[in-house]
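Please go over the structures that come below.
Shared between the two complexes below is chain A, which has chain B as its partner in the first and chain C in the second.
Moving on to the complex of A and B:
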């Protein structure tokens, strides 16, 4: 699977007094098996970009290609595109609507025209994959669940389509610290199982721990694109854009006052190793 | 004036549709001028707690004294709401007017402040949140952080003694979060008593006192250093320690002589530099 943006621009309400260009001349390719984080301020165009990935929005200029084919072309089934590329919205639980969890998760597969048996298989599988017990939860109302559980049910609804690629808009927003860690572990699990992941996040600590590629958006433009190591090596640039960097990166910058050659530590385990080396002179694991 | 501006004595509150107490036998105090964080998993009773403090809801049993006034006492209802203002999570649900200045005026108009006093109060409130330049703008065109600061100004104009924040930064990006948190810290430095509900451990680490709610009960109170000293205990309540505290704990476990109480990047670099000086 390969998803390509070819000079994509999107302008909301063109020709009206409210005309606003949300993304401008974006070109990028996302390949199978990638884990890409999309970062930038509110209003930088991240969500607009994400909504082009499964044809919820179509470009004002440029094209979005899935395996070389323009997904907005006549004759391309949007349903197929959305089955292959699943989009999980921010605060996705606000979109739950069915009487039971099982019905809610079944909504997508049923619309694909799958048989009741196949739909049921998908629902069981999807709930299990988001860490919920089918036996305990399937017949309950989604609205009596906790916030974190509702979020998982919403994700299960997308997973039940067995997408090749998942696009998640701030999947952990508003959750308590363990809820956040659990959702991040789930997303990492999807990735390990072979799903291509694109994740919008404001949490640089989460991004640093999970993503293998980071795309930085600023004022509708793609301004940086690289590995976490490459992006955060330029921590000063991110600070200039008034973006956050992981705490371990800020710590690394500070510690360069003492050790000018202190490495840029992107993840907590790197910071641990680097400090252990400096302070104990080696990897003195107990 | 008592030094204890908020006092809860064995307070219980149950929502009608629920089978258990949302707030369950909670006793706590907040000192005047203190910045207090309240942590707890989703659904632990934090929001119910602050609604009890400003009398939006009344306890089923026990007593809530806000600035010395019993919230059950009918004649104090409006006084309490004026003295303990509340800022909520979603900035878009809190702004009502089409111009920032009018939004800040909204609360004042509803409390019968003489109109001659209003301009001065509004200007002071906007200045305190650093939004003077936006007074004539339309609120819906502001960023999330700016909207929250306008919401704060609207409360400030009522000249409260206490401000209650219910996850006021949860829906903001890091820039907006910092803007709002710094604004509130500044208000606190100038004397405002603040109760700050949050899921961000780094924010709690910068408060003077941290309270932890779990299943409606108050399970732990202390300084950030005390509360964040035991990661496992916090994880049992679905919380965590700030990232630097976790890193320090790992390093200590490996025999590095870092002291307890490291919570921030500043703490960490200071202690690491001190250790390095003796290598």
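Moving on to the complex of A and C:
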């Protein structure tokens, strides 16, 4: 599976006084098995970009290609595209509507025309995959769950379609630290199980721990694209874009005052190893 | 998906018409409508055209926007024409169709009533296109506030309208988002027969209601937290003031009304 953006521009409400170009001339390719993070200031066009990935929005200019085929072409089934590329919206719990959790999660599979037996299998599997117990939760109303649980049920609703690629728009927004950690662990789990992941996030720390590739958006343009190490090495640039660097990177920079050759560590375990080596080496003196 | 719906069709521009005091604009619209209704003969509509053209020019609005407002009116217009053409009666037959007779009076009536309708809608559109909905309700509140002596809840009415108007775009945005989220799960809002389509709205409407109720609760709480207690003794952020341009607009409209009334006296023919 390969998803390609070919010079994509999107303008909301063209020709009206409220016309706004949200993304400009975006070209990028996302391949199978990647874990890509999409970061950028509020209003930089991340959500707009994400909604182009499964043809919810179509480009004003340019094309979006899935395995070489334009997904907005006449003959292409939108439903197929949306099955293959699942999109979890920001505050996804607002989309829950059914009487029971099981029925809500079944909405996607039913729309795909699957048999009741297959739908049931998918529902069980999806709830299991988001860490909820089918027996406990299936027959409850989604509206009586906690915020974090509702979010997970909503994610299950997308997972139940067994997408090859999962796009998540700020999946941890508005959750408490524990809920946040749980969601991040889930997303990492999906990736490990073979799903291609694109995650929009505000939290540099979450991104640093999980992503293998980072795309930075600024005012509708794609401004940086690379490995976390490469992106966070350019801390000044990120600060210019009103973005932060992860705490691990900030710590690495601080430690360079003592050890000028201390490596730029992105993940916490790397930082731990590097620090341990220095301390054992006994070269430390403050 | 929903961005082609423009509710509260306000078209923000910088123009004298946009800047007029909303109270004055509402009163001028009433005067204009009265003018359109007392136009004595077809020649008088020339004055209406001139007045409206001036207002449109000053407002800087693209003309096609005004015309677009007439589109929902087309069936009523056709209906009015047919009714008047054939059922007016009158002395001067122009054409005998067998089942009905077309008369001179019928023709004139058809044209007159159609023009009245058209100019009525054009004038009202001009008001809603050049005035933000919230400004409009503000103006309405002030105009209705003398009725408070009769215990008419002018402030409460206006506040309810303002809040409703304020939340229409928010709810539309929300509806758009939920629609997209359900489409991402394979929902189809566009095809199917009537019953299927109605059923397809459930996944949109339930979340929309849930969110509307939550928003209403939050808003009520926020208003109470800031000591809102109704209209009594409340001061205003935007104080409406009648300025020079308002007086000029009033003057122009007065001249327009006077000309409409006097028109039969200085035009020799009557159509």
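Here is the rule we use: the second predicted complex is superposed on the first by the 281 of 286 C-alpha atoms of A that agree within 3 Å, B and C clash if a C-alpha of one lies under 4 Å from a C-alpha of the other, contacts with A are read in each partner's own complex, and residues count from 1 in each chain.
Quick note on the criterion: a residue touches a chain if its C-beta (ideal position, glycine included) is under 8 Å from a C-beta of that chain, and two chains touch if they have at least 3 such contacts.
Here the structure is a predicted model, which is why all the values come from computation and not from measurement.
Of the two partner chains placed by superposition, only chain C is touched by A:56; chain B is not.
In the overlay built on the shared chain, the residue A:280 is in contact with chain B alone; chain C does not reach it. Residue contacts after overlaying the shared chain place A:69 against neither chain B nor chain C. For chain A, the partner that touches more of its residues is B, with chain B and chain C as the two candidates.
In the superposition on chain A, A:192 makes contact with neither chain B nor chain C.
When the shared chain is aligned, chain B comes close enough to touch A:202, but chain C does not. With both structures placed on the common chain, the touch criterion links A:157 to chain C but leaves chain B unconnected. Contacts of A:244 after superposition on the shared chain: chain B is touched, whereas chain C is not. Within chain A, not a single residue is touched by chain B in the first complex and by chain C in the second. Residue ranges on chain C touching chain A, taken from their complex, read 3, 6, 11-13, 174, 177-178, 180-188, 202-203, 206-207, 210-211.
On the chain B side of its complex with chain A, the touching residues are 40-43, 89, 143-144, 167, 170-176, 199, 201-202, 235, 238-240, 242-244, 246-247, 250-251, 253-257, 265-266, 268-269, 272-273, 275-276, 279.
Of all the residues in chain A, the ones that touch chain C in their complex are 12-13, 16-17, 51, 54, 56, 78-79, 82-83, 86-89, 92, 94-97, 107-108, 111-112, 143, 157-158, 161. Remark: chain A residues 41-43, 146-148, 173-181, 202, 204-205, 242-244, 247-248, 250-251, 254-255, 257-259, 268, 271-272, 275-276, 278-280, 284-286 touch chain B in the complex.
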